[in-house]
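Report on one structure; see the data block that follows.
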Amino acid sequence: AGAQQAEMPKLTLGVGGKTLLYYLPLTIAERNGYFKDEGLTVTINDFGGGAKSLQALIGSSVDVVTGAYEHTIRMQAKGQSIVSVIELGRYPGIVLAVRKERADTYKTIADLKGAKIGVTAPGSSTNFFVDFLLAKNGLKPQDVSFVGVGGGLSAVAQMTHGQIDAISNLDPVITKLESDGAITVLADSRTEEGNARIFGGTNPAAVLYMKSDFVAANPVTTQKLVNAFYRALKWLHAATPEDVARVVPEDYLLGDRALYVAAVKASKPTYSVTGIVSDAGMKNALGMLTAFDPELAGAAIDLARTFDGRFVARATEATK
Amino acid sequence: MGVVAAQVPLGTALTGSAVTLAGLRIAFPAPRRREPPFTAVDGVDLEVATGEFVAIVGPTGCGKSTLLNAAAGLLVPSAGRVAIFGEPLAGLNRRAGYLFQADALLPWRTALDNVAVGLEVAGVPTGEARARARGWLDRVGLAAFLQRYPHMLSGGQRKRVGLAQVLIRDPEILLMDEPFGPLDALTRQFMGNLLLELWGAARKAVLFVTHDLEEAIALADRVVIMGAGPAARIIGEWRVELPRPRDIAEVRLEPDFHRLYRDIWSTLRDEVAKTYARGEGPL
Amino acid sequence: MGVVAAQVPLGTALTGSAVTLAGLRIAFPAPRRREPPFTAVDGVDLEVATGEFVAIVGPTGCGKSTLLNAAAGLLVPSAGRVAIFGEPLAGLNRRAGYLFQADALLPWRTALDNVAVGLEVAGVPTGEARARARGWLDRVGLAAFLQRYPHMLSGGQRKRVGLAQVLIRDPEILLMDEPFGPLDALTRQFMGNLLLELWGAARKAVLFVTHDLEEAIALADRVVIMGAGPAARIIGEWRVELPRPRDIAEVRLEPDFHRLYRDIWSTLRDEVAKTYARGEGPL
Amino acid sequence: MTRPKLLALRVAVAVVLIAMWHVGSTVRIPAGVVSAKAVFPLDPFFFSTPLAVFERTWRDFASGVIWYHLGVTLLETVLAFVIGAVGGVLIGFWFARQHTVAAVFDPYVKAANALPRVVLAPIFALWLGLGIWSKVALGVTLVFFIVFFNVYQGVKEVSPTVLANARMLGMSERQLLRHVYWPSALTWVFSSLHTAVGFALVGAVVGEYLGSAAGLGYRIQQAEGVFDVAGVFSGMLVLAVFVILIDAGVSAIENRLLAWRPAAVAERP
Amino acid sequence: MTRPKLLALRVAVAVVLIAMWHVGSTVRIPAGVVSAKAVFPLDPFFFSTPLAVFERTWRDFASGVIWYHLGVTLLETVLAFVIGAVGGVLIGFWFARQHTVAAVFDPYVKAANALPRVVLAPIFALWLGLGIWSKVALGVTLVFFIVFFNVYQGVKEVSPTVLANARMLGMSERQLLRHVYWPSALTWVFSSLHTAVGFALVGAVVGEYLGSAAGLGYRIQQAEGVFDVAGVFSGMLVLAVFVILIDAGVSAIENRLLAWRPAAVAERP
C-alpha cells in the first residue's frame, strides 16, 4: 500500500486528551513511527476535550480526529457528514466508582440517589455513561448532581479530598484511585464481562473519524492512516504492558511505572482487535444516546453511514 | 469720570474692532442641583479696537478670567454675543493668544519645548522653532533654564515661560490674565516694557487683566474697572492719554499718571467698598 | 543700610528663635544626568524670633519658596541646618502652617470642608470644625461660596480659602508664599489687616514672601532681601520701626515708610540689575 | 445627545449586529463564490442563529431552570468582584505607601499575575472544594490584579502640592490615606473596576466551566458537550446582560463619589 | 534602599517561600494531629516538591526540549500584548474623543469584556486555525480590555487648563492627541500594561491549554493528564520568570518616556 503517493502527506490530527489511555493507539502509532512509515507527517493537536477536537474538525482546523464514536452519530443528527474509518477502542473503558468511605451508603447504582458524581465534563460520554446506568436502575439524571472534574490531576484531587461521592472516569485516573484504595467500582466498562453486563455487548469507544468529503478526496491518505492505526492495534494486542511503558514518552508514566503498567493492564481489553465497528456495537451506542438526548431520539440515523469499513478491510488484507 | 461702556453701540461690529463683547451674561451651574445657576457677569459690553491695549481691573472673583475665557471661545456665554474682528465667534478664537491665570504649561515638555510647541503645531520645522524659542526664553530671562521641566521652575519662571509660549506665536489678539502676578517689581517692569515694545511694533489688540492699577495705567490705552460679583458689570472706563512710547518705570513719574491713578482708585475703592458693605466681601 | 544676616551667630539656638536657618544650601539634581546639581540657595542664615514678622523679597526664581519649603521640612537641605524653636528639624515642621504659592486645596472637598479639614484631623468634631470654618470663610469674604469645589472658584478666591485653611489651625509659625498675589488691592489690604490682627493677638512667627515691597514694609518687623540666583544669598535686612498696631492703608502715608521704601528699593534694584547685567536676567 | 436619541442609537447597533448574524447564519453564499460548496458566512454549527438563541433563552427563563444557575453565578461574580476589588485596593494602598515592601515583592506580584488561572483551578478546587468558593477564588485572582495595579499607580499620581499641603495641615499617615490618597486614587480605582466587573464574571464562569455542579458556566459546558450552540450563545447572552447591569451599578456609585470633578470642558472645535 | 540590599531581601522572600513549600511537601504531620493518618501539609502528589520541580526544569532546559515550546509561547505572548495594547490604545483614544461613539457602544464593550474567553476558543480556532493566531486572539481579548478602559479614562483625566492652553496654542485634534492626550494618558497606559503583560501570557497559555500542538500551555496540559505535577509547576515557574523579564522591559520604556515626572517627593514622617 505504501507504493501509492498520499494526496495529503502532511495533515493535522485532533485529540481531546492525548495522555488518556483511551487514546493509547494514537501514541503507539506516533511513537513507533507508523505514520512516518506510511509517508505521513501528522501534527497532533491536543484539545481540552473531545467536543473541542470535533469542533476543530468541523471548522476545518484539523483534518482528522481520534475521538468517541458517538460523535459520528450526533453529527449525523446535526446534518454534518462525519464518518469513522477504524475502531480503536471496542469498550468505552469508563468506570463508575464510589469513594471508599461512602461505599456503605452507595452499594449499588440504585443507591446513588442524591450523590455528587464527578464526570470529565458535563455533557461528555462519562456523563452519558452514568445517565445510562441510572436509567437502567430506575433513576433519572436529575436524581444526582454532576460535577465536571476533568480527566487528570483534578479528578484525583476531587476524589481523594472527598469533594465528590462517586466518579465516572477513565484510566489512568481510575487505576490511580484504585491503587490508592480510594474507590469501590460499581460498573466497569473496561472488561468484556463488564460490557456484557452494562450494554449487553461491545460499545465502540475511540475511533478515527473525519469528514466524509475528506475520505472521498483523499482515499490514499485515509488508507495510510488506517494502516498506521491498524498496525498500532496489532502491536498493542501482542505487547505486554511493560512493552507499552517502554514505548510511550517517559513523561506519560505517571511518575510511577508500576502504576502505569497496572493502568495499561486494566485498559488492555478495551482496545479494538479487528478495528471494525460491529453492527451490534453501533446499535448499543445509538441506544445509549437516544435514551437521553431528545434531539437524537427524534432523528433518523443511518448507522451504516457512521462507519466505513473498506479501509480496515484493506489494511487487514495487506498485513495478512 | 468713567465713560460707561454702554456708549458703544450695541450689536454693531465696528470696523477695526478686534474683540466685541456685547450684552454678555455668563452663568455657571450651581454646585448643587436645584439651586439657581450662579451668574458671574451680566450685561458686559466691551470693545477692544485693533491695536488697542485695554486693561481690566476689578475685585477678586468679579469675573475677569471669565470674560477672557469668553473672548477666547472657551466658555459659551449664556446670553449676549462675542465677535472677533466683526465675525461672531463660533468655537475657539483662533486669532488670539491666551496667557492663563493658572499654570498651563505642558508638564511633559521642557521650557524650550513648551515655547517651541506653538510654532511646531503651526508647521515650523523643529529646528527653527527651537532656535526661535531659545531667543524668546532669552528675552524673558530664562536662557539658563531651557532644559527644565515645568515642575523644576519657580512660580515666576513658569509664568514667563507661559508668556514666551504665547508671544512667540505672534497672535493678533492677546488675552493676558495677571501675566506678571508672581514676578518681582523689576522683572515686572522688564516684562511690561517687552510687551509694550512688541505691541508697539505690531499693534495687537490686548486685553490685560491685572490687580496692579499702576501697571494697568502704565501699560494701557484704556483701563476698564469691573464691579464686584455676582452679576458683575463694568462700572467705569478711563482713557489713558499718556504719551507713547512709554517706559514703565518713568511713566509713573508723570503728574498725569498720579491724577489718573487717584481718580480711578477712588472710584474703584468706593465701588468695591460699597459691595463689601452689602455684606458680600470680607470683614 | 542692610544688616547682613551673618551677624546672627552660626550654630547657636537663641532662645526665643522660632525658625533658624543657618548656612543653608539647597541644591536640586540637574534636569539631565551628568550635569552638576543646581544650587538654588547657598549660605543662607536667617532667624525669625518668636512673635516676629519677617518679610522676604527678592527677584523671581531666587529661592524664596525653596527657603519656605526647607523651613517647613518639605525639602532636606544639602548643607546647613534648620532649627525650629531651637530644636533641629527632623521631618515635617509640625508647628508651622504653610500657605503654598501654587494651588494646593483638596480638589474633592468644598471650600467649607477644605477649611474644616485642618481642625478635623486634629480631632475637633465635624460639627464644630464646620462651624468654625464657616466663620473663617466669612472673614476672608467667601461666605457665599461655602459649597463650591475649588475648580469653581476664581484664583483669588482659592487663595483665600487656602488662607483660611492655614489660619484656622492657629499654628505657632506661619509660612506664607505670596499669599495675596492674586488679590486686588483693596482685598489685599483687608487680608493684610486680618493677618496683622491675628498676629498681634497671638504673636506668631511669620515668614512672609511677597513681591510687593510696600506690602512687605507695611506688614513686617523686618524685611529681608534676597539676591538673584543661582546660589542666591540674603543681601540685606532692614528693620521696620513703624509703630504698631498698623493699618495697612494708613501706614503707607507715613514719611518713614517712604524713606525706608526708597532705601530698600534702591538696594534691591541695584542688586538685581547687577545680576541681570551679568547676563542672567531678561533683556 | 438626548437620552432617547442615545437609546435609539444603541438599539440600532444591536439590531444591525443581530441582523448581520441572522443573515450570516441563514443565507448561504452560493456555490462557486468563495468555495466549491454553498456555505454560510457564519456556520450555524458554530454560531447558531439569533432566533434559536432567543427562543432558547426565552424557554430557559420561562421554564425557570436558568434562575438557579444564574443565581449561583451572580453570587460568585459579586463575591469575586467585592473580595478582589477590596483586596486590590487594600494591598495596592499598602504597597504604594510601603516602598520597601513594594520593591521587595514587586517581581513576585508580577509573576503571580502571569500564572494561568486555568491551571490553578484544580488547586483551588483542592483547597476550597467544588462549591462556589473555588470559582470565587478564580475570579478574585483576575479582579485583584487589575485593581491592584491601578490603585498602586493611582496613589503615586497624587498631586505633590496637594499632598504637601495635606501633610502640613497635620495629617497622619492614616488621615492622608483617607483624605488625600483615597479620593485622589478613586478615578483610578473606578477605571479598574469597569474592567474588573467583566473579569469577575469571566472568572466565575471559567471556574464553573472547569468543574462545578451549577451556574451558567456549567450550563454552557453542558451545552458544548452536546454541540448545542444555541445553548452556549444563550448563556453568553445572559452573561452579557448581567454585566451591563452590574456595571451600571458601579457607574452610579462612581458618579456619586466623583461629583467634585469638573464636568468635561465644553469643547467646541 | 541600596540595590544589593533590595536584591538580598527579594532573594530572602523566595527562599522563605520555597522553604515553606519544601517542608510542607516533605515533612509529614504525625498521625493524630490533624487526621488519623500522617499527612503532608502540602500533598506532594498535588504540589510536588521544590527539588523535583527545579530538577525537572533543569532537565528540560538541559535537554533543550523546552526551548521550542518557550519560543512558541513567547511569540504568542508578545504578539497578543502588542496587538492588544495597540488596539486598546487606539480604540481607547477614539472612544475618548468621540463622545457619541463612546456613548453608543459603551454597553457593548462592557458586555464583550464579560464573555468567557474559554468558550470563545473554538470560534477563534475556526477563524484563525490552530496555529499561534488563535492563541494570540485569546490573549488579545484579555489585553485589549485592560488597556482600553485605562486609556479611555486616562484621556478624560487630562488637566482642563493644560488642554485649554494647548487648544489656544492652535493645536488641531490630531496635534492635541499627540502632544497632550497621549503624554498625559501615558501613566494610565503603563499602569494597564503592567497588568496586561501577565494577561497576555495567560491568554496564550490558556489558548494552548485548550487546543494546540506546542507551547508551554500544551506542556502543562500534557503534564496534568499524566499526574506530572512537577511538570506543571515547572511550566509555571518558567512562565513566571518569563513575565518578570517582559515586565522589566515595559518598566524600562516607562521610565524613559515618563522622565518628565517629578520624582516622588522625599517624604519624611
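Labels A, B, C, D and E are assigned to the chains in the order they are written; within every chain, residues are numbered from 1.
Keep in mind that, in the parts below, contacts are C-beta pairs under 8 Å (C-beta built on N, C-alpha and C of every residue); 3 or more make two chains touch, one makes a residue touch a chain.
Quick caveat: nothing in here was measured; it's all calculated off a predicted structure.
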{"item": "Chains contacting each of chain C and chain E, listed by label", "value": "B, D"}
{"item": "Maximum inter-chain contact count - chain pair", "value": "D-E"}
{"item": "Most distant chain from chain C, judged by the mean position of its C-alpha atoms", "value": "A"}
{"item": "Cα-centroid distance, chain A relative to chain B, in whole angstrom", "value": "84"}
{"item": "Whole-Å separation of chain centres (CA-atom averages), chain A against chain E", "value": "36"}
{"item": "Approximate Å spacing (C-alpha centroids) for the pair chain C, chain D", "value": "51"}
{"item": "Mean-CA-position distance for chain D and chain B (Å)", "value": "49"}
{"item": "Chain D: positions in contact with at least two other chains", "value": "43, 46, 122, 126, 160, 164, 167, 209, 224, 262, 265, 269"}
{"item": "Per-residue overlap in chain C, given as positions that touch at least 2 other chains", "value": "74, 92, 102-103, 110, 149, 151"}
{"item": "Of all residues in chain A, the ones touching two or more other chains", "value": "55, 59, 152-154, 157"}
{"item": "Parts of chain D lying in touch with chain C, wherever the complex brings them together", "value": "161-162, 164-172, 175, 179-180, 183-184, 186, 260-262"}
{"item": "Parts of chain D lying in touch with chain A, wherever the complex brings them together", "value": "43, 45-46, 121-122, 125-126, 129-130, 209-214, 218, 221-227"}
{"item": "Chain B partner contacts - residues on chain C that touch it in the complex", "value": "28, 31-32, 57-61, 63, 65, 101-103, 110, 139-141, 143-144, 147-149, 152-157, 160, 178, 181-188, 190-191, 194, 211-213, 230, 265, 268-269, 272-273, 276, 279-283"}
{"item": "Complex contact set, residues of chain C against chain D", "value": "72, 74, 92-94, 96-98, 100, 102-110, 117-118, 121-122, 149, 151, 162, 165, 169"}
{"item": "Chain D residues touching chain E - in the complex, by the definition given at the top", "value": "1, 6, 9-10, 13-14, 17, 43, 46-47, 99-100, 103-105, 107-108, 110-119, 122-123, 126, 145-146, 149-150, 152-154, 156-157, 160, 163-164, 167, 173, 187-188, 190-192, 194-195, 197-199, 201-202, 205-206, 209, 217, 220, 224, 232, 235-236, 239-244, 247, 262, 264-265, 267, 269"}
